[in-house]
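Encoded as structure tokens, the structure appears first; notes follow it.
Chain nomenclature is as follows: A, B, C, D, E and F, assigned in order of appearance, with residue numbering initiated at 1 for each chain independently.
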Amino acid sequence: MDLNWMMAVAILLPLVAGILVFIIRQYHIRGLIVILTAIALIINSILLMLHGPDTYTPTSHYWGLAITILDYAMLLFYIYAGLSLKNWLVLIFALTQIIPLAYWEFGMGASKALEEIKPAFVFDHLSIVMVLVISIVGSLITIFALRYMYDHEHHKEIEKSRQSRFLFWLVMFLGAMNGLVMANNLLWLYFFWEVTTLCCFELIAHDLTKEAINNGARALWMNSIGGTTMILAMIYLFAKGGGTAEMLTLESIIKAGGNQAMLLLPVALMCFTGFIKAAQFPFQTWLLGAMVAPTPVSALLHSSTMVKAGVYLVLRLAPAFAGSYLGIMVAICGAFTFFAASVLAIAQTTGKRVLAYSTIANLGLIIACAGINSPLAIAAAILLIIFHAVSKCLMFLCAGTIEHLVWSREIEDMEGLAEKFPVTTFITAIGILSMFLPPFGMLLGKWLALESVFAVPLAAILFVIASAATMVFWAKWLGRLLQVLPRLGRKFESLSLSYSVPLWLLVLGIFVVGIGVAPVYQRFVSFAVNNVVAATEAFAAGWNIVVPSASVAAGGTGALIGSFPVWPLYIVFGVAIVLPLIFVTVKPGELRPVYLCGEQVGGVDTDEWITTADQKAKLQLGGFYWQGATGEGAVNPWFYTVSIALLVILFAVVVGVSL
Amino acid sequence: MNQWWIAIIAIIVAPIIGGFLAGIDRKITARLQGRYGPPIVQPFYDFFKLLGKSRIATSRMQFVWIYGYLVFMITCVVFLVLKLDLLLLIFLLGFAGISFVLGGFSSKSPYSHFGANRELMQILSYEPVLLLMALGVYAQNGSFMISEIVKPGAAPLLPSLWPIFIAVLLVLTIKLRKSPFDLSTSHHGHQELVKGIMTEFSGPYYALITLTEWYEIVLVLGLVALFWANPLWVGIIIALAAFVLELIIDNIAARMTVGWMVKFTWAVGLVLCVLNIAYLYLIKGGA
Amino acid sequence: MIENIKEVKKDELLAEVKKFADAKARFVTAVCNDLGDKLEVTYFFNMSPGMEMHGLRMTVGKDEEVPSTTGIFLTTVLIENEMKEMFGLKVKDIAIDFGGHMLLAQDSPVTPMLKTGAAGGKGGE
Amino acid sequence: MGIINTSRIKSPWIMHFDNSSCNGCDIEVLACLTPLYDVERFGIVNMGNPKHADVLVVTGPVNRRTARVLKNLYAQIPDPKMVIAVGTCACSGGVFHNCYNILGGVDKVIPVDVYVPGCAVKPEAIIDGVVLALQKLSKALGVAK
Amino acid sequence: MPLMLPTVIRNFFGGYATRLYPFKDVREPFVRARGHIEFDENKCILCGNCARRCPAAAIEINKEKNELVFNAAHCIICEVCAEACNKDAIRVEPKWRAPFYSKPVEVHHPKGKEKAS
Amino acid sequence: MAPRTVAPFGPQHPVLPEPIQLKITYEDEKVVDVVPAIGYGHRGIEKACELNEYPKNIYLCERICGICSCIHGISYCEVVERLWPIDVPPRAKYLRTIWSEMSRTHSHLLWLGLLADAFGFESMFMQFWRIREKVLDLLEMTTGQRVTQSISVVGGVRRDIDDEQKKKCIEVLREVRKESEALINVLANDYTVKARTVGKGVLTKEQAIALGCTGPHLRASGVKEDCRMQGLQAYGDLGFEPIVEKDGDCYARTLVRCRELLQAIDLQLEAFSKMPEGEIAVRPKGNPPANEAVYRAEQPRGEVFYYAKGNGTRNLERLRVRTPTYANIPSLLVMLPGCELPDVPVIVLSIDPCISCTER
């Protein structure tokens, strides 16, 4: 297919489909459109992958004009939103965007120069990875959302359906993301960036409760800060480039590399933009607040795609800060977020908040990898993006499914889910295990990250603590699901296809990508950042991942740094967990009540015991959260202080070097 | 095929060594307390007796996870003898620990639940230290492969990694479930959590846990022995000395609380590791 | 005979007990006796220092209600519950009321300490 | 399965339950574990948990509440299991024969394999009792000794 | 922690304190220890002093059948019967009573009265 | 509100040698609420004492509790003697004192061992119990039984201590004192022990009095009260002075018992040196008269209260026993909330609970 068409399908089709679903209000037709769009996007992304890296510039100048107009339209809408919500932060940060932007484009005359930029879109392997993730994972989420929103509104007994509006933003968002990861022109990048921010605001505030609107506004103003810094970066680049648009493309910034100290400041500003979008400390609150939104929003925005835009930007810019102190600071900031979010996740009682913190943590890890900036680390980062998207998306969808089964987001209410909903629990368990344990992909990524982290020892220490904390909160959650009474005879629940198809596809995806990590690596990762990853084939030996030392990578012989036998480990996993799961059976006669100091009531169907005055009491097992030690109240002041200090140091270092 | 044979022999021999070590443990502990103590082969009697007991269950999943515990622990031992990646070994050990924890969580039993949560805290305590040990090894050798540590001519790790060695001794205390860290479960019955995480495992499945613990003893002592892998017999003597040291510590300390354990292992273990790694980093000037 | 025992009426009991509480006396125990048609309750207090023993004795009918002293001395909770289940003494408003099953199980004899109560167990086979 | 049967005799793990005894026998059961008698020589460990126990050591007469607890605990011990009634009270109710809340000896509630009389039982007698119980077990298993 | 060290070291090198009962080091009970009681049928005159005073009701006297029934499983070895016996027919032995599989009931047919008469 | 766990602690639990249930509500591992459920050890001894003839009750009262059985027996005899009243020969008084203190020695050694076990210090448990066996041997030698001594009768004691036994006793007691001192040093100064006991289960002086605590538990909170101060039996001659600590936490209770242990040995040694010659028992005449009497004695766990009422027959009209644990249990309701799960056994044991005493 023609590149023209592929670009159109990737970016514009979602918009068109979005408008269609907004207009058409029949549940089934709307569903059909969404599903067809999803299929089209998936096929298109695969075609793009087959097409390979390329560049593209739309022939018509009207596209540029349209983007400029839409930019201002959006910013004006922010001002309106700020005024109507009486949220001054939204207003202020909208103004800090629109004024410099207008001054730059019209006062400094950048608009003319911007039109000259070619190519407008560059997509390399990194972009292709992102497009695949967005198209495949994102599409599955939109399918999930069909039924979810239906149930959601029925449960809340909302009279006037707002599903169309919801699906409009959701589907359109995919297009914006596709545009974002391919854009080369910084202004266009900025445009797509703002579209995602807008979608985010609209989707978070979708339920129109007070909390939802407040949290949406918070997401809006925080990301507006990011927008502001990006505009500042553009202005700086434009001014330093002598009033030409020469430096206003990602490509040119990357090519200039870290050699030009002058570039460090704009790169740092843009990394900062990425930090905010990736909800790094101290900006994590917008993502946490976003958890009030319906779960597909969380899944789409906060697991697989939008927050990935932040890490994508940092990763994209990685060559530009190679070998500089900025890189080290980025690594430390990322590692600190990984650590802080992992620790905070322990004390969370709400499932989605755990997921949110885990997302923040993993984004921190990816950013830290980008900061470390060795080929190994970059490879780890890209693998983490892929695996995290699949696993975390599955987790969010599971959280959504569970929410609609038990009508609660609290982990405490999920107690004993294994008994009531074994299928959902099974899928959730796979999701949780895949987040932090070998042989699954996330751990492989973490393993690669640790193999490379010694370059920044401070980050290494944060990594290991965070890694341990990760184990605690996931295992704790899974433990709550598994806790059952000693009885048999549970039935499998049946899920709606709109739920089960994405869930099972994602489970399949975890295993396919996980087992096939070596081909995945060779196909996507090894070429992804062409000027960074030099040692290519050596990472994947056969079906395994090995990390060669410098001498081996240079073609010599010698020892490896590490090795990860993927297939053997999956076989071990099969023997250890899957085979017992299939073959271990329990006969009813073998069941006994649990040990309750000899005072259990007796039967296996009850968890009561006999207490004071021969009365029966019910056994309650609450989860452990250690809120006194790891709760937000206890540690947040420290984490805020440190993270703000780190950002200050980051900019101080950059400004010091630039001057 | 050579590697296969090594793996198979390790799988067979390791529990035998572990069982005897457990027997020696009980005998020495008894003697330290002024008792006569059980025969050295007592752990094997216990094991086979448990195998012959009838099975009682409180949930199906608890059994599934115990297989996970066992198989992952065996995998760790195989990783050790095949000299594979140390970092990955530690992650696998983490999975083994998590399997056990999930086994504990699988039944609705208060004591097993408390024990599982404490076991998690133990993982939180020792996992960073072990990971930092791997990083320390990397700092010294430039590789995470165990084969690099044991290859002929490689310098012993202990002289440059002695602070990490001390930290690993703390881990050893936790892993062997000795006072002051016998928190999630202990080998003698008296404990506020009954048998903690093991409360609901009985009969053959308790035997599997015992078997896994034998592998675990061999594994952690193997990790200790890595600190002087050339010649290996010195390392083995160091490991056995560490083992005896743990037994003595067990008998001269009271059981502490979970919060204290996390604070202590982080304050002492992590700081030692960090100082050690920082020193090596400065000496070697980065990777 | 026991020294320092003061006869009190049911209504004066709380006031008298309060005096002991104010004097920082320590509650020792209460003894209930079955006098046939009435119950005799004696509260014993220990005055510090010197460990002098003081008592308050009241005689009530078997169906009369008695105020609880748990509001003044929490520790009387056990003995009042015990008197309630052993003698059927009607103590009202006990801080923690075991409902007559603190010591006695559901199938134990009712008010066994009364002279008309249970004669003995079956332990002897 | 010879090795399993041998092991059964070599490794009797006990759980001690105090019905409503006077503590005299309890502390003697505990004393058995201490240096002077050290029953760990026979592989005896006090597990404190029915799910791990092979031998239920019961002291004291059964009263109306502990009868229920005793039944519950007995049901939670996996087979094969043995019960040793330690002390005169556990055998028959002893001095508490005319107490209204006492049901009698342990055998009123669960089957007892070995009775160890004494008030309080001497640790040596408890060891004798365990040996006797193991003899019974080995006869039942066909491991003559 | 180090405070306990000397004790455990001394224990380790000083040997065990265990009496290896029943194999060796069997300690004989003290001379006047209350182990178990024995009846002497030849001395007993079935007067019933012991049965009346036994706090555990372990002794039953049936004068018609000329029987003294002793339930060993009830006996608390308080020595009261021996003190009450005017004929020295009850002896307290220092050795403890051996455990049993089923509760023994000793039935004695005293001959003391016949002898006396 | 944080998620809560509600679970039973007992009646069968390895750290509780006796059946008592605590229904504990936890947040994480923190105890927020405790409801004790007792009645597992209730036998009905008070009623049985009315049904029995009064001499038989000695053996029944001794079996209220096997650990302090000696003092139970003596106290019963003393309260019944007060009904007549009967005066006991001086040698019998000394012998009663010696056996009381000897059983206190064994009880405190037992408790120290159990406490060590409660915080997982197994080897110390073993050492205390190893020493305790020597005291038990003395008891067996002099009274005929290790645990349930059955030594007292109304009017005196049943057995005398001859010179040979006396010599042996003095020798062994000195040995015990020396060995205990070494262990007490560990208990009082060891870091891990202090970490587990200092500041745990604090009870102030005012609280202790208001809750009616007794014994070492009360004295650890700074109240100087001990029934031995009354100078009954031979205590008046021995120059007894109660042991008091101020802090009122588990550590203070441990220290009080440690020092009492040594004091008990000293008292025995002194009593042996001052013991007069003479009769060891007088025979009571007739039945207990219609009278009532109260007797209080200091058990290892605290003050035991005996009330007896006679009616002129061989049976007592009423016998009431208030044991020390009965008075100490309510303080658990104050001490436990707020502590951590691992502190529960330590705090529960710090009152030296004797459930069979409590419930009779």
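Note that in this section a residue touches a chain if its C-beta (ideal position, glycine included) is under 8 Å from a C-beta of that chain, and two chains touch if they have at least 3 such contacts.
Computed from a prediction, not measured in an experiment: that's the story for all the values here.
Between chain A and chain C, the least number of touch steps comes to 1. Chains A-B form the pair joined by the most contacting C-beta pairs. Once the centre of each chain is set as its mean CA position, chain C and chain F turn out to be 24 Å apart.
Computed centre separation for the pair chain B/chain C is 58 angstrom, with centres defined by C-alpha atoms. Separating the centre of chain C from that of chain E, both taken as means of CA atoms, is a distance of 41 Å. Centre-to-centre, using mean CA coordinates, chain B is 34 Å away from chain D. Residue numbers of chain E whose C-beta contacts span two or more other chains: 1, 3-4, 8, 11, 16-18, 20, 29, 55-57, 74, 76-78. Residues of chain B in contact with at least two other chains: 30, 32-37, 54-56, 110-111, 113, 117, 188-190, 194, 199-200, 251-253, 259. Along chain D, residues 17, 34-36, 38, 41, 46-51, 61, 63, 65, 69, 73, 76, 92-102, 105, 119, 122 each make contact with two or more other chains.
Here chain F touches chain B in the complex through residues 5, 7-8, 13-15, 28-29, 116-124, 126-127, 130, 190, 192-193, 195-196, 340-345, going by the rule given at the top. Across the complex, chain F meets chain E through its residues 52, 55-60, 63, 123-124, 127, 130, 137, 140-141, 144-145, 148, 150, 158-159, 182-183, 185-186, 189-192. Listing the residues of chain E that touch chain D in their complex gives 16-22, 26-27, 29, 36, 55-57, 71-78, 96-103.
Put simply, chain D touches chain B in their complex at residues 1, 3-8, 10-11, 13, 34-35, 38, 40-43, 45-49, 51-52, 54, 76, 78-80. Residue ranges on chain C touching chain A, taken from their complex, read 98-102, 105-106.
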